[in-house]
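Chains here go by letter, A, B, C and D, matching the order in which they are written, and residues are numbered from 1 within each.
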Amino acid sequence: MQLGMVGLGRMGANMVRRLIKAGHQCVVYDVNPQSVADLVAEGAIGAATLPEFLGKLDTPRAVWLMLPAAITTRIALELADQMQPGDTLIDGGNSYYRDAVDLAAQLSPKGINVVDVGTSGGVWGLQRGYSLMIGGNKDAVQRLDPILAALAPGQDGSGATPGTTDTASQGYLHCGPTGSGHFVKMVHNGIEYGLMAAYAEGINILKAANAGEHARDADAETAPLHDPQYYQFDIDLAGVAEVWRHGSVISSWLLDLTAGALRGDPTLANFGGKVSDSGEGRWTLRAAVETGVPAPVLSSALFARFSSRDNDEFANKLMSAMRFAFGGHHEKS
Amino acid sequence: MQLGMVGLGRMGANMVRRLIKAGHQCVVYDVNPQSVADLVAEGAIGAATLPEFLGKLDTPRAVWLMLPAAITTRIALELADQMQPGDTLIDGGNSYYRDAVDLAAQLSPKGINVVDVGTSGGVWGLQRGYSLMIGGNKDAVQRLDPILAALAPGQDGSGATPGTTDTASQGYLHCGPTGSGHFVKMVHNGIEYGLMAAYAEGINILKAANAGEHARDADAETAPLHDPQYYQFDIDLAGVAEVWRHGSVISSWLLDLTAGALRGDPTLANFGGKVSDSGEGRWTLRAAVETGVPAPVLSSALFARFSSRDNDEFANKLMSAMRFAFGGHHEKS
Amino acid sequence: MQLGMVGLGRMGANMVRRLIKAGHQCVVYDVNPQSVADLVAEGAIGAATLPEFLGKLDTPRAVWLMLPAAITTRIALELADQMQPGDTLIDGGNSYYRDAVDLAAQLSPKGINVVDVGTSGGVWGLQRGYSLMIGGNKDAVQRLDPILAALAPGQDGSGATPGTTDTASQGYLHCGPTGSGHFVKMVHNGIEYGLMAAYAEGINILKAANAGEHARDADAETAPLHDPQYYQFDIDLAGVAEVWRHGSVISSWLLDLTAGALRGDPTLANFGGKVSDSGEGRWTLRAAVETGVPAPVLSSALFARFSSRDNDEFANKLMSAMRFAFGGHHEKS
Amino acid sequence: MQLGMVGLGRMGANMVRRLIKAGHQCVVYDVNPQSVADLVAEGAIGAATLPEFLGKLDTPRAVWLMLPAAITTRIALELADQMQPGDTLIDGGNSYYRDAVDLAAQLSPKGINVVDVGTSGGVWGLQRGYSLMIGGNKDAVQRLDPILAALAPGQDGSGATPGTTDTASQGYLHCGPTGSGHFVKMVHNGIEYGLMAAYAEGINILKAANAGEHARDADAETAPLHDPQYYQFDIDLAGVAEVWRHGSVISSWLLDLTAGALRGDPTLANFGGKVSDSGEGRWTLRAAVETGVPAPVLSSALFARFSSRDNDEFANKLMSAMRFAFGGHHEKS
């Protein structure tokens, strides 16, 4: 089958590679000509402009956008202007699901299908396949099946849960109308934040298991550590992450990656501890709040990222100012 | 090798079965004679009393306790009274790590080794092997190696993280002095609570993705749902859990189990939603607090369980009482 | 000065009463004729329809809406259709600040001012005065000063913080352009949720200070309470709330109300513990999330309300289902 | 009445001053002779050593300790060695309530009473009086009544909640047996942390209300701010804090202090944002966890302090390491 890909960053380029490997034809475009040239060298058909890109696609066209969320809608509308009834625009990026809902409503009168595909797998997707969460009308999604099947992991080592009759066990699933793919992917990422923070907090507690080896200040403002004899452990964090990978209840792919990172450098000196967030965690929380669903774990994980980037600074200053005001407490240097 | 097992509940009995299958000799005791008889029928050597149990063990003895945390120390001391220098007591239950530290200090003058083994794997351990986190002095732990290796998964499908040189990749790890095994297991369970809650919250948000299909009360006290058009999705929760198992960043063993549970009954009608906690989550939080490590995700997960059992009831009544006092707001029925 | 009031519920009616008492003229309207009649009996000028209401107001009109958020915009637009350049619409309800921003943008071409007034004080405002947070253009707000001054507490027992030069110390403040009043009120309520939950959690902990008096189950799944001798206190909650009111760091008006509620009935038997939320807490959280500000306390307080209404039920069932799947754990009845 | 005071720091010295002013006789001791001399100049009777101190007290002695938690028990035992049956030791510091329970158990055979007094009021207590939460046996506490009444605010502006028949409305309360005073004070501080964080988070959100005025990066990893037109407010934080002091639901003494701090310097440039915690918040959380009471707000407030001191650093590095491992994401500089 033929697919057009717009946006050849880390994700887009690898998806093209996986499709080519599976025997599909890919027409590709990026604002950076070198990105296009690289993939042409690997078997893709390149285009220097969006009109040229559209011209090289057979109708009904299938155009996959793998772009930053901030520009996806603009490019989608620019493309749609030159597309025809029956064509399909696929948004595979980290877009807000509402943008997909809105885009579908806007392009529906023109007969252009909008399919949104939430895509998980990161830099490993090229090799492992991508987990795909798909929204859109049934026919449009059905038509893309060969592409979706090739991008997904297919039959992998994880097997199928008994009772599964759809494509989910091959790693792709039609979740509902346009927007539902990104909605499911959004929540996926919200969960991802929670899982990551759970491991991170736990391992940070293990790291502190030797707190009793060092005396702690005991002044008027700080309580001493009771019973330091219970905090005398120097835990090999990489070893623990590794042992948990085998037979424990908390084994997971994120733990595999964590074990690898800690084995590489137990001090993680290459990282400063400013954790980015890309939008989905925020949107997940907004959905929770608007629908009245408690999400204390997912929100705590998101806020930890905000705090890691010092967005809590003024709040902290306020608390110190209050402490000074009622108790004359100075901050410790 | 020979091992004595005291406590033949779900966990203890299966561990004996796994050891017998691996060719080890097991002497077993339980307050329930039927539990003993069952395992004798499968090849274990039974004992009707603790003295008889100790008498059937070769010295230096290796005695594994798989008992409720509440009685472990009592039974351990009762046994130790009749044990000899060089013998080893192993606590494999969900005990507080401090109890192991204290027990080791108490039994050290008698020359009795105390080894604590945090054990993860649940009812699946018989088949998958148990992830073992071990604390104790080096010699005592070394002597138990054949037993530990047999209980652990060994070479499983998860492979070894490059650079691993210890036994962690076979699923068991000597973590440090007595207490460290349970400490690591405690944190393991703390993380487990966080992971479980992350999935549960996320899937609960997916379940609410159709909130816009139903009108919401719009009275003086409740804000209406803005933009209900964005909450029109009826998500197949079992399908989503399944697709996430394949290639996504959040694939894990807990997700495998979740997919199975949702496939079996998407409404989970067999469960009432009163979630137990067994102590480790609480102890993890205490360790975090005492060592000054932030654990907002792990604590949120623990408190969600407390709330699921209605322990927040009086706090909620207080908030309603305040609302009534300042705003005349009545609770909705 | 003259003011028209639309919406004579708990808040609107009391505001009219306070204005009449201060010598202002009030024209009033409500869908419920009895509400109008009641206030006419207290000195207001009544109107049976919106056109009649508008007709009784001198131009430039000042029309205050005190309506449920869900219908405010609709009524505002209906009124604006019949209003003139220079007239002012004031939204004093619990509306979303974005609605005020949008309304101002929509009515600006017609020359109709939109002023939004966040109003705090609840049922006590009639007597204590209302704390007013005001958004709108300077002239429109300035023109309303006599009304705002009369609704606000004025010189109350709280004094003015040294350095205060504006009207804030009399309990009303022009916060910025239209929308800023409701924005500030929104955050006020977000904080309110946090304060209420802080007291509620703390007092719930005091209530549990006698946990050691009763034996706790000690089975395989539940850890016993260590050191029950430290939980032998039967705390008089009403007395504690009272003593904190006098000289403690946590004295507050909410604490005054809490002490009153507990003195009235320490068991709070009139309340079921289903705590409503009215929108502002949700919107506060959305603002935090969108601007990247950590708000773990405010979100925890909001989610506690959601959970009090059992919106966590499916998440809890999922956690129980996972526990059953990996450990064979049944829920306790 | 006569009282001996050991520990003349910020709190102890001011309590002596308040007692002298009320006509009581104070014998004082501190390791720092200058502290003793200062109070002697204000009317106290000084002592250069603990034996001299005890010798100057009439029996039955009343000895108040106002010391860092870390040394209170040691000094208490040193004093008790030289005290007589019927004497009373009072711990008014920020001690762990369990220390008081233990001390009482230890000194009970000697006939020495142990009374614990949780004391709130900070540097303002000299002028406003201290809120006192008292534990101990009835007779011992009753004997101290003149001292307690003088330290407490007495009849202050807050009035008495109708129905109050004990001393709580004068700002002191006998809460139960030894330990209960510190227990109640511990929870008081736990609540205090929650209140402070609620204000701090809310005001931090207000500070970000102008987020839409500045363009935000919109790269592949960061979602743009939707609808920046809704974040165009430059809020006068000091003004808002002031207006909330008058008639709003969230007025409180902490808000009074906050308004003062923001009026003094809206940027709080004198503070770095490293917020200390003194033990009670931790102990409150431990009590919540051990008794199964959900405390998401209080824990979030405590963890925010831990994070303000960068104790979350390793956890954050781990999350960045995971992001790099699965997505090739580099931290932003």
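Here, a contact is a pair of C-beta atoms (placed from the backbone, for glycine too) under 8 Å apart; a residue touches a chain by one contact, two chains touch by 3 or more.
All values reported here derive from a predicted model rather than from experimental measurement.
Student: Averaging each chain's C-alpha atoms to get its centre, pick out the one most distant from chain D.
Tutor: If we average the C-alpha coordinates per chain, A ends up farthest from chain D.
Student: Would you mind telling me which chain pair, A-C or A-D, is linked by more contacting C-beta pairs?
Tutor: Pair with the higher count of C-beta contacts: A-D.
Student: How big is the gap, in whole Å, between where the Cα atoms of chain A centre and where those of chain C centre?
Tutor: 37
Student: Using mean CA coordinates as chain centres, what's the gap between chain C and chain D in Å?
Tutor: Using C-alpha averages as centres, the distance is 29 Å.
Student: How many angstrom lie between the centres of chain A and chain D, each centre taken as the mean Cα position?
Tutor: Roughly 43 Å, centre to centre.
Student: At least two other chains touched by the same residue of chain C: list those residues.
Tutor: Where chain C meets two or more other chains at a single residue, that happens at 122, 197, 199, 201, 203-204, 207, 226, 249, 253-254, 260, 282, 290, 292-296, 300, 303-304, 307, 311-312, 315, 326.
Student: Where on chain D is chain A touching in the complex?
Tutor: My answer: residues 9-10, 68-71, 94, 96, 122-124, 196-197, 199-201, 203-204, 207, 218-224, 226, 253-254, 257-258, 260-262, 268, 270-279, 282-283, 296, 300, 304-305, 307-308, 311-329, 331-332.
Student: Quick check: in the complex, which residue numbers of chain A touch chain C?
Tutor: Interface residues on chain A, with respect to chain C: 249, 282, 285-286, 289-290, 292-296, 299-300, 302-304, 306-307, 309, 311-312, 315, 326.
Student: In their shared complex, at which residues does chain D touch chain C?
Tutor: Result: residues 97-98, 101, 120-122, 125, 128-133, 152-153, 156-158, 160-164, 166, 168-173, 175-177, 179-180, 183-184, 187-188, 190-195, 197-199, 201-209, 211, 225-227, 229-236, 238-256, 259-260, 263-264, 284, 287-288, 290-298, 300-301, 303-304 of chain D touch chain C.
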